[in-house]
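My questions will all concern the structure given below.
A, B, C, D, E and F label the chains in the order they appear, each numbered from 1.
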């Protein structure tokens, strides 16, 4: 265009020629591309029991990626050739949660049908998005194993308010989309759940690890052990990361915060360990409400969770 | 109980024997009381187009009342004998907006059936609550006139998302609950509406006053003129106060803020003028999201709007 | 009252039939009830050396309880039958600290005289409240042992400003209400105290553990050892938890914050260990100024401290 | 010292050779200086009914002065030769309000005895400081007139809490330090006072102007009229500026904020008008709590109130 | 792509079919488009005397546009056919202000050479950007008239720090790019300037209006009068809007805030009046630091300033 | 002066006669004093790649010192006789980074020439200040060893923007002021650097420790090992503490925050270990932007880093 400095089509941000920022490696899916990892936003939070603006998280987490580079100092490897495809955000219905859940399910399903990528990351939204998302993966892959980082069981009854963000695993288990023995819950916290739901979890055979178990066994070793078990019984493994599993000092931007959860390092190292297994094909990250956060540190942590999953 | 200072049943807040705080004059309705003004909370904001936590406003506005006293220096009158009844908050449905709108409608209707009070204040929530609320009053009182303080027409089509907070007056007009000529809109702002909805407003005969009209005629004189017109054609008058009619400097806690709106004084004096008319029996206050506010100044302003309505 | 959804006497908050929130198990003391644990608010912070709004903490900590449930996943036990009595807040004197200290002392004393509960929690306020509170317990129980979590000794001289929040243990020791050897201080931090007060602590025989001692020995093992010592020499044990013992990243809402303190987990596990001993009958939690906090995380941590004390 | 750029004894802030910042013209009083205006800080807010950190205001207001220059564009005059003396802040007593009030009184009295300046500015603190301050001026000057900008009468009874920030004018009137007819109150607001205190004000002959009076007559014309009256009956005039007289949008940093108060321009022009009268010798500015403010805009407004007083 | 709901290439934001948001009408300039108004970002703020993050404003102001629609209720006109071209942001040099000023100048010049639009809006950045920008317009259009909304003259000497944001008009006048008599400054405030610069302004023949002049004459009538004068002597008129001309209550996000400035309505109506004149071809908006703002209200006001300029 | 309480020359802050606050032991250097530790502020942050207000940090960190006392409980030692000299802040150039770097270099050099102290602390500012600072020390002391706590290598190329805060160690190495083998980098983090710069670091022989190395070996033991190596090859050791080496939960006030960094305790204990070595003569602390911080906790941590360095 004959401009010396100006380029209306490009960001004017500072560029170091030797640094590749992660957002530079992300391409919008337009119908025929293939990639290593696909990203989709599920900006739904009207199903939350308490008022939540978690629907804003996909854009904040994506922004988080633009602050970090593709180079891993630990692995001594530059992932600038990793092909990341962005499938955009599913438009939600303003007044019907039911309709929104349908849209999420259909959209994840259609994304999988493209067979564009090998692995996928779903950005919530509240935890309600895991039900339609995991269901779509189960249809595609068959028997599914799930490792859930969470302070809560999320197996509430549906009579007290329908499919809220407190019910996704109840819906999956009762709907026989997921077997109890194929579900692992790590980080369950004291005074954050109910006796009835603990009983239900046991009855269904869910493998539950409280924070006390984590302190004793170590979260990485729990993950290792459970993946070794799951790999023999399921067809693929899905990680569901509810950020409120993390201590409130490290993840202040979750709707339901409290003390006594994971440190950042514990979360990152355990997701990394899980992601290294070839059967782990999908991950969702949920329950970040950017309006409650401090300097987006919870979204930045989520961006690093994505990196541990992508750059294995 | 034999305590010298302690009284577990009472607030430990400082008490000046000569000052009556407004909250001290509010009684919980328990089934048989009567009063001058009834208050009900309609904590619904999941119908909002943009993410909103306006459902938290009823409690914040009520708190605002506890900072102010019953004495009007202007009127030289102590309203400590005004009987205010609190009907509490309608429990909303976590995942169904439709169900919530039903609950709001039925609850306002049942409150009116008690005939406990002469006048009522409805605390939203988003503007979506005005549809079920005004409908209930129309059923009870007959032909209803509405004066709406708002930057927006709120007559959006329902096909793009159902009964959102952008549609209450569309629902009322299309549902023939309200005649266009019985609706007055003051404070409509530039670049906050659409040509189609302006056209619709004209077609329906809504009396629309933009902020430019307000600057020219003065809001109090507009209110005076319109009430004089309405009193001859309707059975009662309902005020619907969307706080985003106020300039962002005076009401920063609304979801849809912008410059060029009413000052606090303009809002208070115009509501006061309207409330003095005997046909004005009801008012709702909507669109305050306390999580976006600064020191609750928008809720404090709303508390003063209540006072101008109650203490006429 | 014939309302379908509305109940003016009840909160409209979402209710899951299987979850008991802690606030649902708290009853206001009205003169004859008995319970397992009594709670009293001591909203006094005008004795603070630096300006403090810690007097607002009792209500914020109580709110914190409403976010958590009675079920302990670790203990596999639902404490929904634990009877918690709330004695309310002591009204403080607006302009006389001396009068306020009297009111606090008399009120705690009168609460103990009711013999309504076996164990008690006092919610400050600044640390100045521990002097009148511990004094009341000493009168009732005899020789008293105190374990104090704190970055500071709180044995300042009284000539430089009277009974401030820096003096409670000086008042107790000099007043012979407490023996030095019956006082344990854990979490004392570098550059947060004075040589003279360290000397005084040694002279009086206080058992002092710095953060370096904590890093070496572990806080739980220190507590275990000191309780084993105290149980042979005192009649009851009182825990005094100054939240500024916790690192500023985990407890940003204290007036005197700094780095290098306890993590949340260290605080919770050590309070839990102490609370399990039958001689531990009382605890105060002090030095939270909610106006300085981030998302009430310090008050939420305090709520968990209460749970570790109550649900042993 | 042989440094090229460094000067350890001076601020490294940017300096424009032609601009004189106000703080550059302020000198610390050291025992023999004389000046045009004296400034003293009265950092007392433990007498506030509600928790207040207004004691921090003197330093924030002083900082505000460093953002502005000595040149008045309106008067076309540079006040860089105005001699301003700073008498520092009175050290308050940490636990005794009574002692603090004594210290304030004695310190203002001693400052006046220096006869160093012709006019004085007292920076609060809460409004409680006006009692000891005005008392000192009355002793020195004889019959004193007071113009008080305030939303509140501040004539509460003393039995409900002693000499709080709600009582200064009660103390002055009952103590016969000030005659009712010599006190002018402007900006009194609805629902911010009590009938009994309005009655007391009338009985004592206080000249009271509500915000409605202000809207009708204009604040500058009220001030003009009242000064013309006072000049014939008193020996000097003292201005007492409670910043909560200003609307919450313009002065969000006051403890007791609300809508419907003065705009910034109304405050500044009315103080300017008053300050031009030669009998106006003193002013206090009270009730700013910097911890509640937004970008110190209330303190910046206070700094401009000082300028209107100083640069007449 | 066969997606039912998903469209990776589009925003998932709610869309009302009848509403056109302003951002929907903005096109990126790619080399051959023409339009009615061109926008360019000049994200430079390292020339600010005080630390400033005003370089972030172009993106925040653009975001502001996405909250508002193209329909003007006052003019009864939908501006959805107004063609707005976005030339993007000029990349600034990280460590050389001089180089950055060159880049800004060259980029504005090259934009003008495209002759793509009739009128242009420059989004700063600090006020330093007006020098290179106005210079580019002067080269293109010949004798240029400038109306500057500002609390400050911005004619500081260059010896004390070079071309800071306090010097643009000094550079233009001394560089003979602009005649003093062709420069109008409205909103100059007391205690915000220096005697020497007032003298310089007079010497150069700048037409200066203080806030006192504005209160007396009215800002719209000043603008009318000055444009009538300018139209006879210049070839085009450039508006330079320093947002700190606005009162701190309405524009809290400027680096140099203070009381006593314009209200939002005064700013908007005066810019609108000016923009209606056919010789007004350009406008810059400067001195918004989004990191200091409250809910982006200063950027929202700036977005409305753009609308008043664009939709005349 | 005959004042009973007032002392215009002194702070009115509460004083405990037995407590020495650190700021009480700091003296302004006036030309002839000597001391143990010298402090200088390098308030430069216009060289930052991203917008930064880190230039404000020196004053915030100094304020942090006033909250802490000279007594170390761990060492059982009062450092009230430690003589600390403050050399003030270097005035920076408003528009020329180059000129600013010169000023910083010359000022540090001149400070060293005074030979007033044995050890020095430089308070940034961004990391760009380390280049002129270390250069000055190298000139004075000869071969210099540097231990750098940082998430980033800071060896970017200079062609993309000149001497930014991402280049100090590149400038030092390429300028042969520092040998690669004399530079130790601890805390290097994943996805925060580039392959090319890792390669450069290796080529130059820098000793690099990632956070994974830290987790494995422990930071104190790394420091011990590296100091043992350096002491045999260099003439003095300089510590360069970039606070973004610390995890975002513990140091939220850095421009470039992220998860997975040091805890406060790890930082403090490792700096303490290093400072104990007699060859460690200097330390800088950089990259704190107080405007981004929460309750100044990052500056408070920096103040404690200073204490660990000073009170060895």
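Quick note on the criterion: contacts are C-beta pairs under 8 Å (C-beta built on N, C-alpha and C of every residue); 3 or more make two chains touch, one makes a residue touch a chain.
Quick caveat: nothing in here was measured; it's all calculated off a predicted structure.
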- Common contacts of chain B and chain D, by label, are C, E
- Chains touching both chain A and chain D, listed by label: B, C, E, F
- At the interface of chain D with chain E, does the proportion of residue numbers present on both copies reach over half, so same, or stay under half, so different? different
- Query: Taking each chain's centre as its mean C-alpha position, how far apart are chain C and chain E in Å?
  - Reply: 56
- Task: Measure off the straight-line distance from the CA centroid of chain B to the CA centroid of chain C, and report it in whole Å.
- Result: 43
- Distance from the CA centroid of chain C to that of chain D, rounded to the nearest Å? 40
- Note on the structure: Contacts with two or more other chains occur in chain A at residues 14, 49, 94, 161, 249, 294
- Query: If each chain is a node and each touching pair an edge, is that a line, ring, star, complete or other?
  - Reply: other
- Message: Touching pairs of chains, all of them, please.
- Response: A-B, A-C, A-E, A-F, B-C, B-D, B-E, C-D, C-F, D-E, D-F, E-F
- Within their complex, chain B touches chain E through residues 49-50, 156-157, 159-161, 166, 188-198, 208, 210-212, 215, 247-249, 252, 256-260, 292, 294
- Item | Of all residues in chain F, those that touch chain D in their complex | 1-14, 28-31, 40-41, 43, 86-92, 94, 103, 106-107, 110-111, 114
- Query: For chain F, which residues count as touching chain C in their complex?
  - Reply: 14-20, 22, 67-76, 78, 249-250, 264-265, 268, 294-295, 297, 300-301, 304, 307, 311
- If you look only at chain C, which of its residues touch chain D in the complex? 45-49, 51, 53, 55-56, 93-98, 161-164, 291
